[in-house]
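Let me begin by handing over the structure; questions about it come next.
For reference, chains read A, B, C, D and E in written order, and residue numbers begin at 1 within each chain.
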């Protein structure tokens, strides 16, 4: 484990009871996280991609301490005080209380910690507003009086207020327009440099992840199926799911390609976990040799100590993708 | 949730509610100053006589013991004996309950038959004159003191026009149908007594109109707001985008969806109708529980008041159960949701 | 319109119980009184009594033993004979049940001498004994009721078992009660087959139905309804005297009115004439003292009460009431009480005395009355038997303080002595003297404020013949004498 | 800030003007409240002064609404009665919503057994016939307008508890509350900062609608004789007293009855209108 | 992309001409559309992109006149559907067109279907509305339509309620519904925004396949540039209620001419080296209730000049008439170059 590791998750499992019988006994369970191992280093941006419902937001909630895992542990790796962690949610509309003026929204985390006068809080709010590019005059307005991008700036200001070490960004730009998305991504990058923040960036927009993060984790059905440097993974996916995902991402070049018949990708259910490889049903490469067994997350090769994959087959070798090097404009 | 689950959950609730209701009414009715024994014995009775009666009724026991005795009876379906009439409370209540229930049910049907179309029209023609009129009607209904309306109707339709009878359930000389459900309308049809049926219907008109007018407002207001909600939903846009005729969209798509959240309101409205009947019954000499209860409270007839409260809350919980079951039928989504 | 063979009478509420040994409510007597016979009955329209089941009777000289001979041939509705055993059964049961109706009866033994002779042995002499035998509670019950399902107590609560001209055949709770002729009734056969008592709680509805011919008889209409009904075609009114009196209890024992001058002030302040005119619409007359007109021992020589604000002011000044509020209790039992209470309040307000009105449920009001927690309260009183005893002994005997009758908690040994003596002797003239003497004393003490005795107006359809009112039997109709044209 | 308030004010007026029904409602309320407040100035007679010799007079120039059975001027009594009736409505609605909201919010935010217990008690209270409970309570406490008010308030509380709890459960799921939890916010903070503020509009709407409701309920109690005591003028009690005179002295019950009807209509129209206005779906930015 | 032009003719299934629409609100009106001009030829696949609030949905909804009649005002312009003037048709004539000649798919497959009606019945209803056939026939046809959507067991699916199906499945049902009466035009308003990329790909493929088979034209509304560039032959770019650029997708994506389009594409992470700052457009979208008379992009434009105080028209470039731009500067520049 590297020295600058801030937090490490090991073998996190989260289940939700979804149906109870009349005695209150659980009849069926949603297996949302099924063994997550992950380290987050200081100052890095870790991207997490995966399809809808694979447990990304749940993972964020575990990190925030909003959920207690049923198994596994979250360990904070610093010697001194526990690092502060904050979160920015996807939808800036619903993550800001519509009835609070902006300065109160921004300073809510420190207000809760206590010990600041009203005047101090306003000053802090004003400072933060400037940092995220909001005008100080706006502090008395209410969230609905702002555009989507400005609201997301407010949310970021609020996350910065307690001086965090880590910020979890749960789809921070997916509710925003392209032109605004660019502003927010730039802002996040600037803030990271200025404050040596760590980001955990959750998104299903691969290009955003690619732009922002050095390292990414690909999630599938509550597990990390692939982990490694962004450029490596995008170029040479080692897991069939990653490959499928990357194939589906539309790019700016060429036409939509028809690869085989139009099949119906039914998303996996998390009520009953498969006994073998979780991706078995959708996998083009499946065989009867090892795929019926549960797959551990293993190191891809001895020399690439940072690259991990949850597939015993080595599709990596022949999966070199043509990554577009062409840039528009 | 399965039918079984719903029923078992509600039944557990029923026990709790009935217990709670009995405790609260017990406490409250014993808080009322006054001595029922004295009431029975009469003004001029001596203290010795009053004491004797008190002892006979068990009113000299400590309160918790009285309650315990009451509870024991309750478990055996015995609501105690009315202090005022000397008859078992259950027997008294059952004599009055069907009349109240018939009035309430007919009023509810009336309120729904008129209120739902009004609500739909109001939503479809939102902010048009149609909406203004239907909303005026419903606000009038909600704001109308029922007893006042009832008195007015009697004066006009009995006093001046003689179109309807002044009160009661049947005219004198009209055969009372054999007891099956206690609803004269139903029983007379079952017995084939058409004359009784028409007579009973004729007697029901004014009280039912009075009582339903109030709830018509509640119903149409509810339907209006849930219709408005549904009409702004995406699937309505879809239906329109595929060229379905306006009224098909409204009646076959929006209305069923709007009725779903309204079922709770309608079910509870029946409960309210039961209580609301108290005042209406007084005005229309309707032989229901209303008058009985008012008299019982004034006569400190604890067992009767408690019996009434327990019975009505029982019905109320059963109505909730019915509403839950109705959801199973009309809302396919329920089965899935935990 | 109503059927020819049926008399339709309005009632405001269902009877509570039909057991003669339990009911003390005139409202129940509408059903029970014509269903039972009594040893003696009131003469038509009078407070005097005559034999009903009893052919003749004698009292011993010490007024302790009463012997009654029964008329032969009277039969209960089930056909069995009315005999001495039934009489004994009735009175034994009455004293055993020991509820309201037994209250006026002195301790006594009943014994059967022969099938048509009964004897009552009283423990103390009781002058009005004969009169209480005409009470509803003394209706002779068929002993066969014992064998009914649930026993007599349960059966009699909801059924009749008597030998009167009618019997109850059907009771639709909250709607109507139907009486039919008793086929075995030995007296003169009633004209009408059936009597239907319709339960109509609302006075306006009663009035409209009478006007429309859906009712034959309506009693107790509010005065204003009567006023406007008069002259409507098909409706007639019978004005009848009544012994129902309305008066104010003044708390003699505790509170500001324990002071004689304060009571005097209150009595002098009230606008009696205004009440009779304004509230009653002249449907009644002022009282001159505790004993109303129509009852023997009534003293016409007493002056009418008059409002005299000057005198009242002086009396109140003497009493030094200070800033104390007076509470006035009343209930919703009588529609006239509220305007009366308001009048009293206004009258006293004119003298600077603040009266706080409290309108209570009847049961609650009784509770307060019994405990003496009031300054002034409104009350109605009607005699159960036709004897001044009903007024004088109940109202003024210091031992009957509180609910039993002396609601003012009045206490005067001299009065006690006079009225107790009057209750024991049987000579009416002697008794009149004693009662009038006592009456003078209590008037000087301002024990109560006597307002008025009401005269009833009964509304009838104009084809109803033979109705007569008995002041002792409020709410009871002489249905056996009534016919319809 | 001031500009924003001013803007909101004028926006409120704009919406009001667009909804004539709401305007009518507001107009009625203002009219009735003014009439009640100015009763001492407007009333031609003292409301309690009796005149047995001028009883039950038909409406005339001297007595606009006629007189009652002790000769009091009904017009004056209707004016003064507004103070009682509207006062009761306001008191009941505000106190019940205040208490109910607080209980409901905490019930919703604490959840678990606290919630279960509170909601069970509310279930029980709701399933007791409300009129009976009110009557029994009013009888137990002794008849007076104040006690009737307390009784109605007590009976209305569960409705607000349910409403506020429902709102709280909804708000508790909002992302901004999730966010506050990540800052380590206490439940008290969440209720104070987020829940109360956001649950307020539907509660205010309900409160407005309930004022009319409470006026009707107080009138019903007055009608059975459990409300205001004589000589206090209160509309329900007046209707009840006039009931025996309805056929010939129609004016006695009719005017106080109309007053109840109109006032209740006013509050209902305003409440309806406010519901539409506060409905976020209809909001135009 | 020449191979894509199968079945295209000169017939225009949808033609919107200089359309201005406003919604009256408190103190004024929201000018939602300010001169939109767009054409969709038969069998053509056309994209409509723009930021949120730029008027894409209003434009689509207006083409089918689905906006409540009393909530908007048409201040200028015309809409033609296969030669019929949409703004002048009666409601009944409009109903005959909806679903029959033009269909629509919406963004949220979750809410676009009636939640308490079985999906089969919903499709059957639409078929019976427009085609005279027996109910049994209509049911048969529904099953066929679902089979065309590669749905394995259509018998089960027709008997399901929408909530029992996944998002992708529901969107397939919507596509089946849209093609049920073989319309000439399909308007798809962000049909894949709510879907995962893997599902999005399948849905888009299906859409294209069905359109090809039936000869229908598609107007695809989206704000995903990548989807447009992969899927559409031609694209309209909207800004503040007006079309600012129109041309072959390849041309527009490779060589955007309007400063707004340029800014938009430059802001895409796809188009820069990872980690480097993204280009952004300064300023904010104008308030549609207070639109200036100038070019609506002027206050954000880096190249603004005096002339920009008048609103420009969408005009073909001299150098490439199939490429139209609404910008004085660009038009002028192009003319200079061409000369």
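The rule we apply is simple: a contact is a pair of C-beta atoms (placed from the backbone, for glycine too) under 8 Å apart; a residue touches a chain by one contact, two chains touch by 3 or more.
Chain-to-protein mapping (UniProt): A, E = ABC transporter ATP-binding protein; B = ABC transporter permease; D = D,D-dipeptide ABC transporter permease.
Note that the structure is a prediction, hence the values are computed from the model and not measured.
Counting only chains that touch, the fewest steps needed to get from chain A to chain C is 2.
Distances between chain centres, each the mean of the C-alpha atoms, put C farthest from chain A. Comparing chain pairs D-E and C-D, the larger number of C-beta contacts belongs to C-D.
The distance from the centre of chain B to the centre of chain E, each centre being the mean of the chain's C-alpha atoms, comes to 54 Å. The distance from the centre of chain B to the centre of chain C, with each centre set as the mean of the Cα atoms, comes to 39 Å.
Between chain B and chain D the centroid-to-centroid distance comes to 23 Å (mean Cα coordinates, whole Å). Distance from the chain C centre to the chain E centre is 91 Å, each centre being the mean of its Cα atoms. Listed for chain C are residues 202, 204, 208, 361, 364, each touching two or more other chains.
In chain B, the residues that reach two or more other chains under the touch definition are 32-33, 151, 155, 159, 297-298. Remark: chain C residues 2-3, 6, 8, 13, 16-17, 19, 22, 24, 98-100, 102-104, 153-154, 157-158, 172-176, 196, 198-202, 204-205, 208-209, 212, 214, 361-364, 366-368, 370, 394, 403-405 touch chain B in the complex.
The touching residues of chain B, when paired with chain D in their complex, are 13, 16-17, 20-21, 24-25, 28-29, 31-33, 127, 132, 135-136, 139-140, 142-145, 147-148, 151, 155, 159, 221, 225, 229, 232, 271, 274-276, 278-279, 293-294, 297-298, 305, 308-309, 312-313, 316-317. Chain D makes touch with chain C in their complex at residues 48-50, 52-53, 55-56, 69-71, 139, 142-143, 225, 229-231, 241, 243-249. Interface residues of chain D, counted against chain E in their complex, comprise 11, 14-15, 284. Taken in their complex, chain B has these residues touching chain E: 233-235, 237-246, 248, 252-253, 256-257, 260, 330-333, 336.
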